[in-house]
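Okay, here's the structure, questions in a sec.
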């Protein structure tokens, strides 16, 4: 099947690769020439515009940094909507605000197409391995239809409700994640300052009411979990700057919904502080560096 | 075996009951006459002072509201230390600050006794069923020695390190718990305000990186977890005022250790706000009432 | 002198009125027909587009709700830039983010015009009385040139630096304001709960290191300052929703600048909570209602 | 007149010196031999206990670090109450929690004495110059009676209400102060990051609604106020650790009063973070170091 693919960055390129492996024909576009070349090397057909990538394809996937990029890719003069076949489906896997996802869905439908928002979790590792989770917002029929394509790139396909709800699910999950990680960092640092063995503390928390992914799978204290980013200098996980972006989306959505997010807003400032000291590229569990200097810094 | 027991409140009375069921002789004391009577009805021998309760007993257990009560019960004129047999062990199951636990341990040892701090989790339900978790701070030998007695009252006996570390483990766990519960309340309320089905949102979080006890076992949104306090008007769980007490201990300990607890201090204020509106007796998951008024209040 | 004026709301209409009183010819535009009619009644000439309002005018003033409105008013097909005389000056008195102000300034200069950002403080009262403060971002020459026009509408004209710095000054001032108001609300409520007379407390603070505009001029506790909104049910001041907008601009700018704003982000959530309970139209000092219920609510 | 004086630290010694200059006879006590010697050198009569210092004196002043010290100095075996003349007055100028002040007042009255709490502001500079502000809690008659003595040590004598209200006034003022200083630090740092000249920003804030003592008198940004601690490396002002102590008293009092102090609790954590990086001895305006690294650090 012919699939248009717009956005060939760290996530998009391996995702497109998995579509190729599954036997699809991928018509790729990116503003960056190097990214385009990499896609061509991987077996994709490259195009000169989102419009050209979309022409004749029953599915077009967008994987872009933020809402303005998606809007431009879809509605620009040479955009997807200018080339989209009647009845074709746009799958936006970018992480953007729910209101934009809903507005873009309406635009696509006006043009006779179908739209699902399908942001992912799982990171670049999951993108390469084809084990991403897709959180999908769209009608039941559209979810079923997208499933065949998404299954080539991911393992868990979750239907979250109508358009926009994929984005809502992602930002609400990451709101809890950003808060609980900073909370675990706070408690591990406090416990160690008070004299407890960090391994003992983690094992108690992990079998008690404090247990959470941020403690039992990605504990920020070095040496607790052998496979966690904390064990390798906070490299290779979910970047603090990406968490910062998602908490920004959550607090913006909260502002529009007139909902307070006290802890989320404060957690956002903590990742901001981490970013402003130059650690934004590290895994977000490096937020523990704001609390306990000695144990979590590389020897210099 | 003869066991002294000081403090026969909501927790202490059923704990003493389980010691009696296990065949121990319990010498009980409480300042409250009704509590003493209830202990007598349950089969305990009642006494007129902590000193009298301690005399001739190889173990003395204290289960009291706060550090000053424990200090008075141990060191008062008619206190435990005035009657403690040489070599007998004091087990303090109250939740108090680690520094006080360490200071009391030193006092008991000076008097020729042994001391472990052994705060519990599991609530009044666990106390009645004998399924409490004990977080124990003391030497290896003292932990082994306490085990025989604790096993009559609890299911999980965890050795956390030397004196004080039982308290450290408890307050660090509850610091994470208080933060993550408020975080889940924030995210569930935001998600619902943005239009997602709360059941769908919870199921996504619970299989993703946001998963935590506060979401998968005690979700604060009504109707998500049938056995959670949220399903019964926030009654019968871990009271918000108790969470407030524990967060107060954590922030006090953080102050002494010169460790910031940004999120913990803010979470403490949220439970404070809940308490100040008269909801301090409700389960702490009622903190969601600060975020979403409509779904979580009883119809009036 | 002929002056184009775009945006005739609660602020824009009385500002345009003061230009008329000063003898200027005002060519007004607003999307709302009622607003246009009111401007005509006040003596303005009304137009059918921003373009038409701008034609032949050496100055064009925009006073609009948010950055997208200003962008559309300037760059739309029928926008100001389509009609702007060569060398004419655009004065944007809207409160928007500094980056947008700088981008719009560049666009105007590309088209041969001049641009200053000139957000105001002083509210609708100051707009009517012609006593607004203008915080102006632009070159020295442009500031001098704008002065003649601004002086008809305001009392204090402050040059804050190049384009964008008027907006920076406003959002930084209001960041402090939003924080200090909530801080005063917190302290007054705490003091009263601890038993002190609020009038005594305020008089001490106002002559001590806690003194600030939020305490000595606009104290949120009712009855302290006879002329403050708190004395009249929190009506008629600076609306909480406007403070929320400005704190939103500040935290967005902080995000882009990678600067943490811990207290600002938390204060934003407090005004959000005030807004979500339906009090967003009240003066922002009503934030004290989040702290002390009894004294600050109307009897029901 | 004979005056007992307990506590001869950085504040107490110069205060006692001013009493001597005013012609009083000072009977001084301190646990520290060096402090006692300094008092003797200044002309005081030294004693071997608080009891001895109090004997025969119509006034006894205590100036001690925290509530437990005051309690011991008054109620210990060799304490003030053991030697206090019938009808003599105890003036406690220590900064302690209001509840302890009230409890100590009751104890003194039981013993036939009078008590006022009279915490100070003005720092060591004010103590030396005799220009302290005293915030006094006690009856009208006791305030009048204390006035004669306090006037030798301070310039402003403020009657705040009955016992405890001096402490309430001080902690509420410092709650606002701690919040507004961090708020100004946040806004100045943000403004500079966004490109505004800090001198321009400060002058705008200081004539606008953001004006406050923390901006116009003690601005934390270096170079704005020539006489502020920021101009001399944050030395010689009100130490961050003292602000931390006062915010701790405020949040403890808030806990007891069931009042949330959202911003106060967060500000407390910020000063905690400042202290934990070793800057607790600096003026509290050094909190700006948490926000803007470059401008506020000494070149290394």
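Here the chain labels run A, B, C and D in written order, and each chain numbers its own residues starting at 1.
In this section, a residue touches a chain if its C-beta (ideal position, glycine included) is under 8 Å from a C-beta of that chain, and two chains touch if they have at least 3 such contacts.
Everything numeric here is computed off the predicted structure, so don't read it as measured data.
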item	value
Copy-to-copy rotation for chain B and chain C - C-alpha atoms, rounded to a multiple of 5°	180
From chain C, the most remote chain by mean C-alpha position	B
C-D or B-D - the one linked by more C-beta pairs in contact	C-D
Same vs different contact residues, chain A with chain B, by half of numbers used	same
Between chain B and chain C, centroid-to-centroid distance (C-alpha), Å	51
Distance between chain centroids, defined by C-alpha means - chain C, chain D (Å)	39
Between chain B and chain D, centroid-to-centroid distance (C-alpha), Å	37
Multi-chain contact sites of chain A, meaning residues that touch two or more partners	254, 258-262, 266, 270, 273, 290
Residues of chain C that touch chain A when the two form their complex	244, 248, 251, 254-255, 258-262, 265-266, 268-270, 272-273, 275-276, 280
Touching residues (chain side chain D, partner chain C) in the complex	98, 121, 133, 135, 156, 158-162, 164-165, 168-169, 172-177, 179-180, 182-184, 186-191, 193-197, 200-201, 204-205, 207-215, 217-218, 250, 253-254, 257-264, 266-267, 270, 290-292
